[in-house]
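Attaching a single structure in structure tokens format; questions to follow.
Every chain is named by a letter (A, B, C, D and E) in the order it is written, and numbering of its residues begins at 1.
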Amino acid sequence: MVGLSPGTLVHIGKKPPGKVRITVIDYDEAHVIEKEVKTVDECFPFKNTPTVTWINIDGVHQADIVEKIGKCFDIHPLLLEDIMNTEQRPKIEDFGNYLFIVLKMIYPDAKGKEIESEQVSLIIHSNYVITFQERTGDVFDPIRERIRNGKGRIRKMGPDYLAYALIDAIVDSYFVISEKFGEQIGDIDEELVTDPTTATLRGIHKLKRELLFLRRSVWPIREIINVLEKAENPLIKKTTGIYLRDVYDHTIQIMDTIEIFRETLSEMVDAYLSSINNRMNEIMKVLTVIATIFIPLTFIASIYGMNFSWMPEIEWPEGYHIVLLFMLALAVLMLIYFKRKKWI
Amino acid sequence: MVGLSPGTLVHIGKKPPGKVRITVIDYDEAHVIEKEVKTVDECFPFKNTPTVTWINIDGVHQADIVEKIGKCFDIHPLLLEDIMNTEQRPKIEDFGNYLFIVLKMIYPDAKGKEIESEQVSLIIHSNYVITFQERTGDVFDPIRERIRNGKGRIRKMGPDYLAYALIDAIVDSYFVISEKFGEQIGDIDEELVTDPTTATLRGIHKLKRELLFLRRSVWPIREIINVLEKAENPLIKKTTGIYLRDVYDHTIQIMDTIEIFRETLSEMVDAYLSSINNRMNEIMKVLTVIATIFIPLTFIASIYGMNFSWMPEIEWPEGYHIVLLFMLALAVLMLIYFKRKKWI
Amino acid sequence: MVGLSPGTLVHIGKKPPGKVRITVIDYDEAHVIEKEVKTVDECFPFKNTPTVTWINIDGVHQADIVEKIGKCFDIHPLLLEDIMNTEQRPKIEDFGNYLFIVLKMIYPDAKGKEIESEQVSLIIHSNYVITFQERTGDVFDPIRERIRNGKGRIRKMGPDYLAYALIDAIVDSYFVISEKFGEQIGDIDEELVTDPTTATLRGIHKLKRELLFLRRSVWPIREIINVLEKAENPLIKKTTGIYLRDVYDHTIQIMDTIEIFRETLSEMVDAYLSSINNRMNEIMKVLTVIATIFIPLTFIASIYGMNFSWMPEIEWPEGYHIVLLFMLALAVLMLIYFKRKKWI
Amino acid sequence: MVGLSPGTLVHIGKKPPGKVRITVIDYDEAHVIEKEVKTVDECFPFKNTPTVTWINIDGVHQADIVEKIGKCFDIHPLLLEDIMNTEQRPKIEDFGNYLFIVLKMIYPDAKGKEIESEQVSLIIHSNYVITFQERTGDVFDPIRERIRNGKGRIRKMGPDYLAYALIDAIVDSYFVISEKFGEQIGDIDEELVTDPTTATLRGIHKLKRELLFLRRSVWPIREIINVLEKAENPLIKKTTGIYLRDVYDHTIQIMDTIEIFRETLSEMVDAYLSSINNRMNEIMKVLTVIATIFIPLTFIASIYGMNFSWMPEIEWPEGYHIVLLFMLALAVLMLIYFKRKKWI
Amino acid sequence: MVGLSPGTLVHIGKKPPGKVRITVIDYDEAHVIEKEVKTVDECFPFKNTPTVTWINIDGVHQADIVEKIGKCFDIHPLLLEDIMNTEQRPKIEDFGNYLFIVLKMIYPDAKGKEIESEQVSLIIHSNYVITFQERTGDVFDPIRERIRNGKGRIRKMGPDYLAYALIDAIVDSYFVISEKFGEQIGDIDEELVTDPTTATLRGIHKLKRELLFLRRSVWPIREIINVLEKAENPLIKKTTGIYLRDVYDHTIQIMDTIEIFRETLSEMVDAYLSSINNRMNEIMKVLTVIATIFIPLTFIASIYGMNFSWMPEIEWPEGYHIVLLFMLALAVLMLIYFKRKKWI
């Protein structure tokens, strides 16, 4: 990006395999048309129809396609740059006759171990919504289903409701992720009790970083919804406001969960350190107790190992056994003392 | 919730046993009617009477009942969704002709060890109040008693005063809980002095998490009351304002107590670590002192255990006893030295 | 409080011995009347006189007295509840024709070791001030003296100036307490250097908690004074404003001192831990050095304690002394080495 | 600076070698003139031309040159003082007919190990931009190239767009630096896993301090852009606003990265301490286990080294081997026990 | 202060030796009069002259002098109290026809080791400035010099510019102090690397406390300047505004430096603890290694010290040397192993 003229289209981020896929859904209360188009030009006719049109582009790594859409739908060049730079922060920008929203869609990867994130950009116009995603596959299928079936309100409402439904789907996906986090925290907590290792600490730090990432994805959504709700923008109808408020509540709920998770993880670091310390202390204590018992015994033995010519006990017939018994008694007494002191 | 059309009623939370129980109390200054109704329809006649009606629903896990009430009393579908989702944050929403409030009722469980929480949703209308609870059993009995007896102001005031009384009862119940916390913190503090174990640390962390939960339940009440007080809503009469202010003061008092508890718990973590450390140090010190006393003595004994052909002391008649005495003197001197240095 | 109708008068807090004591001081520029009254009724005549009247009630644990005053002077029932609940937070409430202020008076106990706190409630009316205290004995004597002597401005000014003087006396008493804290911190600091024990840590934690309490008593005074100053209340005259500003500055100064104390106490916890650690390390180091010196020496002795039939050194006439000298040399060398390494 | 009359020009900062270098680029849509001037006077003719003029001064350590420019272009003496003091914070000041901006340009040094920073001051006037740098060499070459080639919008726009381009170039350079930080953090993370030393900790602290410096350079840019955007200044055209918004987003992105780096470094300090501790514990554990195994064995040996006249085992022909075997068995048993306990 | 009528003049703070010294400088563009006056009365004639008069009082411990000045120049009694109480926080108060500012002047003591602070109070009137200092000697000499010489703007400007110059001189003196701090931090950092002791930790804590004090002296200056700048006070001319802005920038720069110092000191506490720990660990490691090498060797020696009648090795002619060599080999092997494991 450094040194380039602003508005130059360069893809930033991981390049997914395969080529860009464009689908169009056009609907009103009476009908639905759904098709996958081969070239960008095929979706231009939908631009000025009175029906609601949802154009979805999977893949933002081909500058020519993004540029063509930008030109046709009259999108500011800097926004096209933002769409292709997949390291944006979630944000909203109001261009008067259309709104531009960037969001992060987060989902577990195929194996369910790692978290994958994808940038979703929305253009909300008075009669169409354009969504840009990085890869094929998203959390919008239930919405498509609702449009097809005509269930719920969606077919009766405008593009602002569609946009709400899309944002809502993304926010809902955070709940799934936050449950995953809950499970992983549970796993680590068990590890902490049974067998804490350095890997456990690394695991806690990894989760903390991922939560930080999640928080940075969720936090700006509050502001986005605030802008949507309050802006006296003709694009957003009053009736959609209460739905947006609902999404807002959800983001706050997720933020709360994240905060609890972060607090829990901080406590787990403490618990880890304390547990490592405890285990080490236990070991050292037992070992030291063993040494402490045998050192005085060895001293007694070494006394009778001295070669003085006159040592009366040496000559006693039962001297040896008396000493052995004395040693045994001493060891037992020490053990009892240590036991009573709760040292072992 | 993921993928569902907004407004679809799904119960989220623990499903209590038994079925939904609906009670109605209808009163004005002159009379009181109180009855448990079998079906939802029985409470519809109270909707438009000039008297104050309090409809209480115990159990929000049956979608059909919630939906029926919603339809009759004209409640927005999204609110019904909120009522059935028992993981809401406390909040207030103003729908012009009615107010919607979500609160958390917290009480100790049957055994008095754990904390249970229940979501209470209030619909405040100009002539009725509807409350939704998760389970039978609540903190509202004294209010019912006051309505029956006609003691205090309650029978002379409108639904806004009833709503205030309900909120006040919930906030008061937090005082009970915070006393419980105080006792538990006292118990752990005693444990810390007498016999701190890993369980003590876990106990501290558990309390911290519960306080966090309590704080998240209390904190939004400030905002709720602010909205109630300031909103120039015809539903809330001026005279009720000063009572709301009183509840506001109580929530701040609880927040203060929570902060002190949290501070205290943080100090207890420090004290725990320091005490564990101290105990370990004490043990190690004593054991090391024992070893340190016997190692030089053993060295002396081992000297006279050497087999040199010419060792004059060996031949002395009193050599053995002199060495024993010397060892004793050395041990005593070391003990005195350690004692003076405060090492034992 | 739980379950009671709001406005029910219940005393919350420690019940002081003895009964309630009521004193009245009535003054204007020309005269002063001061008397202790037996019954509440005796102070009613002062209600509507144009002179300034200060009614002081020592003891808030008798509901009937508080209620009687409340009725006569037309005080809102909820305020009476607040007056009797001695666990209030400092606060101000504006009832139009009178102001209600709650403050905490803090002073060292008889022995000068502990801190005692008492709740003071003020009712400021256009021609009288009523103060409620928990116990006999307060920080207001210099004000009484000034009224009696007619020194300073007080006799020429109205009830707002009297209220200012009372608040100022309470804030000034915090300076005394904060000096006490300074001394106690100094004591603990000395303990830290000479002989830190677990009690030292407990002492630090106790001070921290007391500072927290002090801060919670001082902090809201800023807001109280802000309200007094800014409220365009006819009860507070412009000329009193600058005096209130002075009290405001004092509270900020106390807050500053508290912050420094808290910072210092935090550092003392660090210093405590570091010092405990250091001492332990010193002990372990010395003990380990002793062991480390004698273990090799014992090894040498044990070599010559072996019973091999052919050990040439054994037969040397001076073998024994050579070995002893060698051991001595080794011990001295080790000591020099440890000394140079600064291990002992 | 202390004691000098305000506006006295004194250079503060490192004095670079060589003398001051002044270059002028003058352009409009049709033409470009670019030249290096020998004396300050040569750039005066460009002052009132309708074309856009960019005067760049490399070196602010010669008071006479700065003063001459200041006089000709009518810059406030205090600003000249700010320009020569290279320890300014980034800031913006609006003088009505011109804007003054201070920024920090950050780049890796020649070896790529250290970070160098240079203060850049901008004067934005309605038909010229003056930039002051500390040394020759900057991040503006791509902009010069764009002006020469007439690529992009730059030649068609005014000095406000030029100023935007310069600020954008500086902000972009922070991305390069933040990547460098990412690499260094990666290096230290590897060191932490393989061989953490005190140098590692010093390295972490150094990075933390550098991040702090970077943050203080980036943070005020947000405010600068806010002022530029919002000020209804005729110097900044509406069309430039959206570009400034873009720069604003970039600074937030950098701030985010910095926060993550700081969080990561904090975790690395924890990980360092925990790893140092672990390593030490491992060593002590193994050593203690060795001692613990041999101390009881030595005790047994010392028993049979006693000189009692009557010790039956001594006389057994296989006594020696039995004892040796017993010792071996004991050692093995202890090892198994320690192994099972996971102590070794 | 406790119990005194407000406005009673009592000196609070260290009483400096010597008596109060009053100097007057009276100037306009054309002339300067400078003299030291014996009695307060001598400076009264300057009160109503159109020239700028700067009355400087060194010493605020004599109530009669402060009171006399207060009466003549019509200063509010509470301000006189503030002037004599040298434990004020920096603050500004606007009395309509004059401004009252309290500042802290900070300078290194005679030996350059400790930091001394002195309270400076300013009264800014439309044609005079009165400054109160605690002791003779200040940072204002360069200003006096500038007035005498007529250099710079000062002689052409009013009392507001003089006040600015005084504030600027005080803020500039903070730079000197912050450099001193930088040096002391450098010294401690070196100590940390070479020989960290408990004194080092105390040194760090002392610096932290001094920085806290400095911060509390600097922080309120921002607000003071904000008030000066924004107040539409006829006392402060528009032209002085930009100079005040400059001082504001300086205070922010100092705040920044303080923050960095505090961060650095926090890291130094970490580094101290880590270094103390490391050193201790090093010692313990070496000592334990020594013990661990000799314990097995001693065991071997004690085996051959057993008195079994049948021990074949004992009879071998070279048995002794074989065992010695075996011991040597074992010791060397252990050393190599420990070396390879990086334990020594």
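By our rule, a residue touches a chain if its C-beta (ideal position, glycine included) is under 8 Å from a C-beta of that chain, and two chains touch if they have at least 3 such contacts.
This structure is a prediction, so every number in the text was calculated from the model and none was measured.
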| item | value |
| --- | --- |
| Fewest hops from chain A to chain E - one hop per pair of touching chains | 2 |
| Angle (degrees, nearest 5) of the CA superposition of chain B onto chain D | 145 |
| Same-site or different-site touching of chain A by its copy chain D, using the half cut | different |
| Geometric centre distance via CA averages, chain B-chain A, whole Å | 27 |
| Centroid spacing, where centroids are CA-atom means, of chain A and chain C in whole angstrom | 44 |
| Residue list for chain B, restricted to those that touch at least two other chains | 284, 288, 291, 295, 298, 302, 305-307, 311 |
| Pairwise touch network: line, ring, star, complete, or other | ring |
| Going round from chain A, first to chain D: chain order | A, D, E, C, B |
| Residue ranges of chain B touching chain C (in the complex, touch as defined) | 139, 141-142, 146, 151-154, 165, 168-169, 172-173, 175-176, 242-243, 245-246, 249, 252-253, 256, 260, 263-264, 267, 270-271, 274-275, 277-278, 281, 284-285, 288-289, 291-292, 295-296, 298-299, 302-303, 305-311, 341, 343 |
| Complex interface listing, chain A residues touching chain D | 1-8, 76, 78, 81-82, 87-89, 91, 93, 198, 201-202, 205, 208-209, 212, 216, 269, 273, 276, 280, 283-284, 287-288, 290-291, 294-295, 297-298, 301-302, 304-307, 311, 313-320, 323-324 |
